[in-house]
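Just so it is clear, A, B and C label the chains in written order, and each chain counts residues from 1 on its own.
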Amino acid sequence: MVLRAEDIHKSYGETAVLKGISFEVGRGETKVICGPSGAGKSTLLRCLNLLTRPDRGCVWLEDVELTSPSVNINEMRQKIGFVFQEFNLFNHLTALDNVMIGLTRVKKMPKNEAKRIAEEKLLTVHITEDLWNKYPAQLSGGQKQRVAIARALAMDPVIILYDEPTSALDPHLIGEVLEVMKELARKKITGLVVTHEIGFALSVADEIMFMYDGRILERGPPKEVVFNPKYEETARFFKRISELYGVRR
Amino acid sequence: MFWAYVPYMLRGVVWTFALVGGGLGLGFFIGLPIAIGQVYGSRVVKSLLDIYVWFFRGVPLLVLLFLFYWGVFPALGHKLPSLEASIIVLGLRSGAYQSQIFRGAIESVGEGQMIAARSLGMSRVSAIIHIILPQALRIAIPGWTNEYAIMLKDSAICFALGVLEILQRTRYVVIATGEALLPYVTAGFLFIFLTYGGTKVFNIIYEKTRIPGLVWRM
Amino acid sequence: MSFWEVFLPALLRGFIETLKILAIAAPISVAWGVVLGSARVYGNRFVSLLAAGIVGLFRGFPLIVTLLIIFFGLAELGIYLTPFWAAVLGFILCSGAYQSEYVRGAIRSVDVGQSLAARALGMSKTQELLYVILPQALRRALPGISNEIIYMIKYSSLAYIVGVVEMFSVSKHFNSLYFRPIEIFFTVAIIYLAMTTSATISFKLLESKLRIPGLEVEV
């Protein structure tokens, strides 16, 4: 077990966004969370690395309870990679520096070692050397997101959380990012992905969790949940999504 | 002991406002034409105006006050009293700063407005007066409010010419009472109060002249 | 000796004194402005309120009043500063307060996603501020900060009131001795003009050197 969420609740004012979410992600697994907008998927992901604090419930990372007040959350976050929908690359740093900064400033690694790791991870996500010294504003959306994935990878996390990683991308750039994510999944890098990209789920995910109205309504192997859903809401959602997105290779 | 002198200090507010009002007013009538000239004027006009702005923004107020009061005005034949001299210098200087405020405001009104006005057959002058300026003047209010705050504090510098505004009177009080901390701190808070009050007034004007639905970015 | 032979050397000494004040007060005022501005955004409620109070006070008091309080007022409390250090302290406090406003605005203009990404990497708030936020915010605050430094160059003339023998003080003194106001004050004016103009150009150069594509000022 790498990550476990136990009965997560979160409300904003009067609105309850998460109404008791529980699940587990095992080592090497890739799990996908999908569901209609407003179901609380992004909120859930941010609760998992405590960027948002849940009102109730626990989050466990391996054998450490993240939600416990005595835990050093900054230390723990180093083990959780997070990829944002809006990339959030550091604007004042080149691609290479973006990947290195977690290593040099947070992990206090010597610069040349950090550089070596950063370059390796950038190549893993197919970002070639000619882009290493470019600033985020000079990169395409797909390149930015891949650099963001490299930044997360460089920290050697035990799990990577992806928050709708392709939703902000132009359609023709989505494929290159999904391809990288699929490769990581095949390499058994533990991942939890919030996405609409059903094709991705169908090809590499071990489990899909369908979120509806703040709860996980259904979960199971992707082919089952997508094509043989038990609930009507699930069926409706996947029918609509398949129409909109198709199954992407 | 000090408190007996407070009325004397407060009477300085009149002189301070004479300086501020005169300076801002003169500055307005200098700054607005300069702004119009810098946006719509010929290359020669622009260069001359740029030099004016550069000079009056680059030289310290103290130096300007002494240069004009002791030097320029007598050389021109009129040795002006310190209050009038101060107001003119403040006005010349404020005009330079206000011109930049108005210039930014005019430029942010947007070319489309001018084009539309000309398409209606308006002359350039008419378009400026009836279309551009009404919008620009309102955009300029926040920047102008800032100029008020600056002018208020700068007016204190005119004590150096002997104008009996707040600070000069405070200095006399310091001599008379032998205390320094209390009088100066009181003067400081008086300035804060006047700044706050004036700013509030301008904010109200800004709100009252709002055009529904229109948001500018400056 | 002719007038100029006496005046110019004295003016030079005053100019050097002015430079000394600026060389010390300018960098420290920037640092102080960054501290105040950061405190207002990142500090807890007490710290940020305190910082806001300090900023309000030193922006609200005219600089000359602040100088007089530091030199004459503190003397009443037994704190005796030399004219030079009283002036330097006054400039730091006053200019720093104005600069903190630019810093604060710039910090707040940095996209919240940058903070999220920093925290997701495991950075503490301090690391986030130092390594991610300030490098971006300070670039955005630079035009405002350089503006304040240029103001400081001009307002350094006020230091005469606490007895610092800087440029204006020299010119005032010479005018009362020789009474040649146009020559004296115009010369001084030109020198100040040269200082502010070269500072403006230097800052513009600095801005372009530090420019990062994509990090322009956003309204």
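Some notes on this structure:
Quick note on the criterion: a residue touches a chain if its C-beta (ideal position, glycine included) is under 8 Å from a C-beta of that chain, and two chains touch if they have at least 3 such contacts.
What you are looking at is a predicted structure, and each value in this text was computed from that prediction instead of being measured.
Highest inter-chain contact count (C-beta pairs) belongs to B-C. Chain centres defined as mean CA positions place C nearest to the mean of all protein CA atoms. The geometric centre of subunit B is 22 Å away from that of subunit C, both derived from CA atoms.
Centre-to-centre spacing of subunit A and subunit C amounts to 46 Å, using the average Cα coordinate of each chain. The centroid of the Cα atoms in subunit A and the matching centroid in subunit B are 56 Å apart. Taken together, the subunit B residues at the contact with subunit C in this complex read 54-55, 57-64, 66-67, 70-72, 74-75, 152-154, 156-157, 159, 167, 174, 179-181, 184-185, 187-189, 191-192, 195-196, 217-218. Every residue of subunit A that touches subunit C in the complex is listed here, in rising order: 49, 51, 74-78, 80-82, 84, 86-92, 101-102, 105-106, 135-138, 148, 151, 155.
By the touch criterion stated above, subunit C contacts subunit B in their complex at residues 56-57, 60-66, 68-69, 72-77, 154-158, 160, 168, 171-172, 175, 181-182, 185-186, 188-189, 192-193, 196-197, 219. Residue ranges of subunit C in contact with subunit A, taken from their complex: 111, 113-114, 116-124, 127, 131-132, 135-136, 139, 212-215.
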